[in-house]
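As written, the chain order gives the labels A, B, C, D and E, with residue 1 at the start of each chain.
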Amino acid sequence: QDGEAKIGIILGFTGPIESLTPAMGASAELAIAEVNETGKFLGGTTLSAVQADSTCVDSAAATAAAERLVTTDGVVAIMGADCSGVTGAILSNVAVPNGVPMISPSATSPGLSNAEDNDLFFRTAPSDARQGEVLASILGDEGVSSVAVTYTNNDYGKGLSDSFVAAFEAAGGSVTLVAPHEDNKADYSAEIGSLASAGGDVLVVLGYADSGGKGIIQAAADTGAFSTFMLGDGMYSDALLADLGDVLEGSYGAVPWSEGDGATAFADLVGEKADFNPEGSYTRESYDAAALLILAMAKGGEATSSAAAANVMDVANAPGEPILPGELGRALDILAEGGDIDYVGATNVELIGPGEAAGTYRYYQITGGAFETVEFR
Amino acid sequence: MSDPLHDDRGNRDRSITNPAGQGAPLPGHRGRARPAPGGPFLIGDAMTGGYGRGADILHGCTIAVDRGEIAVIVGPNGAGKSTAMKAVFGMLSLREGAVRLDGEDISALSPQDRVKKGMGFVPQTSNIFTSLSVEENLEMGAFIRDDDIRETMEQVFDLFPILREKRRQPAGELSGGQRQQVAVGRALMTKPKVLMLDEPTAGVSPIVMDELFDRIIEVARSGLPVLMVEQNARQALEIADKGYVLVQGRNAHTGTGRDLLADPDVRRSFLGG
Amino acid sequence: MDFLNAFVALSNFVLIPAIAYGSQLALGALGVTLVYGILRFSNFAHGDTMAFGTMVAILATWGLQAAGVTLGPLPTALLAIPVGILGCAALVLATDRLVYRFYRAQKAVPVILVIVSMGVMFIYNGITRFIIGPDDQAFADGARFLINARQFREMTGLAEPLAIRSTQAITLVTALIVVAALFWFLNRTKTGKSMRAYSDNEDLALLSGIDPERVVRVTWIIVAGLATIAGVLYGLDKTYKPFTYFQLLLPIFAAAIVGGLGSPLGAIAGGFVIAFSEVGLTYAWKKVLTYLLPGPLEPDGLVQLLATDYKFAVSFMILVIVLLFRPTGLFRGKSV
Amino acid sequence: MTQSLRTVSVFGLVAVLILGTGVLQSWNSALLILNMGLVSAIMSLGVNLQWGFAGLFNVGVMGFVALGGLSVVLVSMPPVGEAWAAGGLRILAGLALGALSVACAVLAWTRAPRAWRGWAVAAILVAGFVLYRAVFAPGAAAVESVNAATSGYLGGLGLPVVLAWPVGGLLAAGAAWIIGKTALGLRSDYLAIATLGIAEIVIAILKNEDWLARGVKNVIGLPRPVPNEIDLQRDPGFVESAAGWGLDPTTASTLYVKAGYALLFAAVLIAVLVLAQLALRSPWGRMMRAIRDNETAARAMGKDVTRRHLQVFVLGSAICGIAGAMMTTLDGQLTPSTYQPLRYTFLIWVMVIVGGSGNNYGAVAGGFIIWFLWVQVEPMGQALMGLITAPMSDGWLKAHLLDSVQHMRLLTMGLILLLVLRFSPRGLIPER
Amino acid sequence: MIRVENLHRHFGGFRAVDGASLEIATGSITGLVGPNGAGKSTLFNVIAGALPPTSGRVTMDGEDITGLAPHELFHKGLLRTFQIAHEFSSMTCRENLMMVPGAQSGESLWSAWVHRARIREEEAALLKKADEVLDFLTISHLKDELAGNLSGGQKKLLELGRTMMVDAKVVFLDEVGAGVNRTLLNTIGDAIQRLNRERGYTFCVIEHDMDFIARLCDPVIVMAEGKVLAEGSIAEIKSDERVIEAYLGTGLKNKETA
């Protein structure tokens, strides 16, 4: 069966997270390219990616872009969107009406778990409800009982902070102040002033590494307000370490991660075939999102939306043959023979509940200017 | 502007209106002067033209002034007097006719270049920098001069003593007549080779008007030709060596000041009896 | 001792950051105010002009660093500023030639120019990202602090830290020098006066022999200079990221307007008003009061006038209030 | 070209753009652009009313649009009973107290003797604030902790969503009235920044008052005035008639729903346009133009400039509020962080200016065209970049340029904007 | 009758109007003259509500009108023109005139939407009136020209024309004559007299053209340095030494003989 099928990649290429998205997009394209190279997808159907700009914040523009992907370009599935707000908009305005499945690599807002999705929405990133608990338990292990919290003022930051604060207080900790910060602003002195005055042993930063979160840490460290930081998933970035130098020495945090083979395989794959940072935020998730869509279609035996939607859960979860990044060809072979696979991917994908990653987190500490894994939980 | 009443427009919208520079775009001529010897010192010869792409306002109108002379243009409102002045100064493009200054054809020069050639002009409206102080207004008058301007400024202050008093005040805060004095003072600061005044005495009190006329005579006798539009026509024609009556963009009557004053037709129709 | 601690805490978290942020805003606002004052429109492209100038300076800095040139304790980028200004001036002059001049000749009302400047903003935006990308760029070197928190504590033995970044000091000094120079230039030099005359009445300026195009050129060059200086200092102090520069636009405008549009002194004052209201009004006084008050009176709340959630709203509220009582800004702006 | 010919050809262009999208891309895209175009056109009519008619420089459009959006949540979402029980009344009482103290303060300011009225007002405000916080804060906290991840707010009234449109207008009008009362005396550029600031304040409230509309956590799944696509696809009658048209059920249902929105929106747009046009052509319009032209003279000619300004400001803002409510209805969700000045204020201004300020048809056309561009420049930008890089040999530069293709979006937008304004500097359909 | 009592208007430290007291009798054409900067326009602006007074009182027929807004004064029948013409430059001459009358039902939005027929009637009447006024001012050929494109003098005429669109009680004219052709100025003088006689308008006229003042005004008030310097008939004023020194100058004699 020769032919072509298109997958839409809709990410915020312009706007507040424009620096994260190129790697995410490239990562998704990597999966597609890998499949095309094998030539095994549904007996030779070529896949192509169509990119569109979600702008991250403008739901109307995002909806229009997604609409174009679906109705003009005729994509059968969407990998995206990135930010939770536009993801919700695209889901209810485009994906559900048109019956097109979407897998978001990064929309982590807990609210999306309950969105009316007609079983079309999945995500390879875990809901922040879980991350909050993980962060709280790490603090428990570190023996910290009083913290100040600052989060980026959007659904992600707010949702994460809510769940973190609830979990931390339930465990007996005290939160001196929860202050939001806006991203990409010129100055964070006011937030730091308040946080410093409120006190606390550790500053919990639930923001973005190349944006407000970095500014906050920089300012907090410069003024000597805090010396230890706990970092949420959005803060995990090598660039942050490079930019801030030894300021972060001794700080710790958590990031959705998977132990072992998947991540390594992904890093190797990227090293071989592409040039972006395989450890960047949500790059792994992006690869997995695209791979899952392809595999689901392969499983369903046709390159259609309904085939993709119906089989995502199936290929993502056990039982079946575990599949790592770089092994998509093998997976296609198995599927072609009618076998079963359990896609592991770069992030140890395990879709639970309404179709979202269960999420394992890597608890790391920064020592010697590098992220050192403490354990996975 | 602090006071809307002295502003040229009452609208407080500084960011949206452009109170100073509205109106038709200036013609973008960029040419050179060509020698054209002979004739009067300054002449707008058989000028025909209008604003932008609109209808013609001037129809073959000629005005001229020679060294040491005062030429006065009179006529009903809307006759095209100001338009003729602006045409001479290059602020609208002529379809026909030429402007010659001191033996050169300057029709192709831009207004700035005419300033550099020594032409000084006081427009009828918006003729001062409202936000600059009186003193700075005078300095701007002398913008193209590189020599010491203090002496000229003293002369202007002697002529209009009130300006000395208000030298540090923004000119926009002055009364109507005071502004008029600033405007004339500004032009005198240029030390021009020819002075063009559009209704210099509008709104000034009799005493100042007399002095102003005296001074204009003095200036003209010192060799500087003066071309002016006046509605205080009788006083003006009295001191004029040459008078033009413009009607609907055409020369209706031309003669010496006295001739025109004596012409009963002119008196009745244009000078108010 | 407690009193000293209280004062140090206040300085560290309110006074010093607000002063530094204030001068950064002020430098930006100067550029906006100059365009407004002389060319008569609100230039939305100013944020991206800053981003562009800074980008050129950054590229030059990298070049210098690669060639091993440094300024010792001062950031190398200071050496690169002239290059940045040149690049930026070339850009804005080209823009003026290709874009703005047409509308000037048309005598378009300023709001058209405002919208046009938005178009220019989009284009600069793209150009900058094409060249250097949307990411953060680090280019600071030299000594980061005049005094850092740890040193200060060791030196004085106080419980509270105090940190002064060298960039903060440089920014303040630069802002003061620049505003003085600008003030002098506009009010005392012939070119400066001719610029004000031009802004007041273009036609009459023409009649006085002032070359309008020259005025415009000089204005743009100064604006390019201001934008680049402001951008580089800001980038040194915080970080360089094109999007942040765009975001700076709003507070910069607010500063220019609170101070009185068109007034250089106003721009400075406006910058500080905005900065102090953002930092000061949301400051939690708990720490300071704990030092100052005797034990039993110590507050248990944060003693915060307003939550930081409303930080931006607060600065705008201040702005609105200032405008209600002084409707044309603190320094009664108009033309320069 | 005469004015009417110009108008016709510009609207012809709009039609071609939209139909072209339908033919070349898809009818779904075309309808979506049409729908957002209709909403944009209404917004730009609102701005045109303020700016084009009266010369009021309102840069706070975003705030009014957001208030319209809020009204959709308040009107149409089902009430959250649990939250009301937890603290609803407390919140209402708190708000009432707040309003009461402001009212007292205003009263004191007008009634009390000059000498100590400042102190009196300050005292009332401080006391009022303390009281308000004491009553309000626990209520809000209680409401917000009800099921924080999925609700955590009071919900709305559960009424039909179309009702939210006029309510959105009223909400915006109310806010505009307060703003107008305080800020309309300002000179235009200062008025601009004041409205800009107030819009930011509105957004800050929307973002941070979670009890109201979930703040940054967004309200998703708003009710719709048109049927659900899924329901249509399951309705055998519909599937049959779709087949009659030769369409598959999915496409048919999506088109049907969008066309439904389009009809509703078009009805509103036409109503607003007709009223605006009647107003502009009447002595009222002449008076407004006079006021815009020269306020001092208008005052001296007996026109109550302040009152008229307030009137227009409130009306224009109400229209923006209605459009905001319509837009949120179309989006199906309220996401406060999407409200950014660039998109919701300046883009609208671009529409008005490019269309031709002072001319209602111009504003409407501008709304359509600019929205079309905003959506379509992305593929255009990519195409442009393809064109630029096609002749290049492979290499570093080409790769770099192709990598940066996303930035073509805004760049193309800027380029087109400049070109349009270059060739018709007074807008596509100028005032006169 | 307009009565001004001890009026002050200061700009910063400068006393533009410094305790002026004067009366304008009903039915009179009162002249107001004085050197440049005497405070005449400022006085007008204060009376017409465009500037708030620093202190003092203005009454009209016994009613205190100090500090009323200009549009309120307009409706009380007090009209003014501006020394620097304030035309509506982006509107046609006709529209400039037609917008003046205050009681237009079409100025309410509701009527504009609902009572279309009534408005059409009113408009027709207004149009006729405006055309009459334009005719009278000899600029009827410019009725569809934008007011911004008029010549300096024509703008002044338009300014005067606006006061003729309504039934005013008191009209303040600030230098209508400056820049207006003298022949036309005579016609305007006639019109003022006619309005005064036939319709009972009261006028207060600022003018520097003494012939015009002499022909029209009785009494004449002379202001200098913010105060009333002299008051009386034109003959009295012309022979008043102080007035000659401050305002008229000795050149006057020459001019009269001319």
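Note that a contact is a pair of C-beta atoms (placed from the backbone, for glycine too) under 8 Å apart; a residue touches a chain by one contact, two chains touch by 3 or more.
Per UniProt, the chains are B, E = Branched-chain amino acid ABC transporter ATPase; C, D = Branched-chain amino acid ABC transporter permease.
Since the structure is predicted, the reported quantities are computational estimates derived from the model, not experimental observations.
Chemist: Give me the chains shared as neighbours by chain A and chain C.
Modeler: D
Chemist: Give the chain pair, either D-E or A-D, that is connected by more C-beta contacts.
Modeler: A-D
Chemist: Taking each chain's centre as the mean of its CA atoms, how far is chain C from chain E in angstrom?
Modeler: That pair's centroid distance is 49 Å.
Chemist: Quick one: report the Å distance separating chain A from chain E, using the average Cα coordinate of each chain.
Modeler: Spacing between the chain centres: roughly 74 Å.
Chemist: Just curious, how far off is chain C from chain B if you go by their C-alpha centres, in Å?
Modeler: Whole-Å distance between the two chain centres: 44.
Chemist: Roughly how far is chain A from chain B, centre to centre by C-alpha average, rounded to an integer in Å?
Modeler: Roughly 73 Å separates the two chain centres.
Chemist: Scan chain B for residues touching two or more other chains and write them down.
Modeler: Touching at least two other chains: 4-5, 9-10, 14-16, 22-23.
Chemist: So which bits of chain E are touching at least two other chains?
Modeler: Touching at least two other chains: 50, 82, 86, 89.
Chemist: Multi-chain contacts only, two chains or more: what residues does chain C have there?
Modeler: Expected reply: 36, 42, 106, 111, 114, 129, 133-134, 261, 307, 309, 312.
Chemist: How about chain C: which of its residues touch chain D in the complex?
Modeler: Interface residues on the chain C side: 36, 42, 44, 99, 102-103, 106, 108, 111-112, 114-116, 118-123, 125-127, 129-130, 133-134, 250, 253-254, 257, 261, 307, 309-310, 312-313, 316-317, 319-320, 323-324, 327-329.
Chemist: For chain D, which residues are in contact with chain E within the complex?
Modeler: Chain D reaches chain E through residues 275, 278-279, 282-287, 289-290, 293-294, 296-305, 311, 315.
Chemist: With touch defined as at the start, can you tell me which chain A residues reach chain D in the complex?
Modeler: 13-14, 18, 22, 51-53, 57-61, 63-65, 67-68, 70-72, 84-86, 88-89, 92-93, 96-99, 109-111, 113-116, 118, 129, 153-155, 157-159, 162-163, 166, 180
Chemist: Under the stated contact criterion, what part of chain C meets chain B in this complex?
Modeler: Spelled out, the residues of chain C in touch with chain B are 36, 40-42, 105-107, 109-111, 114, 190, 193-194, 196-197, 199-211, 261, 332, 334-335.
Chemist: Across the complex, what residues on chain C touch chain A?
Modeler: Contacts found on chain C: 9, 12-14, 17-18, 21, 24-25, 129, 133-136, 138, 145, 148-150, 152-153, 161-163, 165, 234, 238-239, 241, 243-244, 247-248, 251, 275, 278-279, 282-288, 302, 304, 307-309, 311-312.
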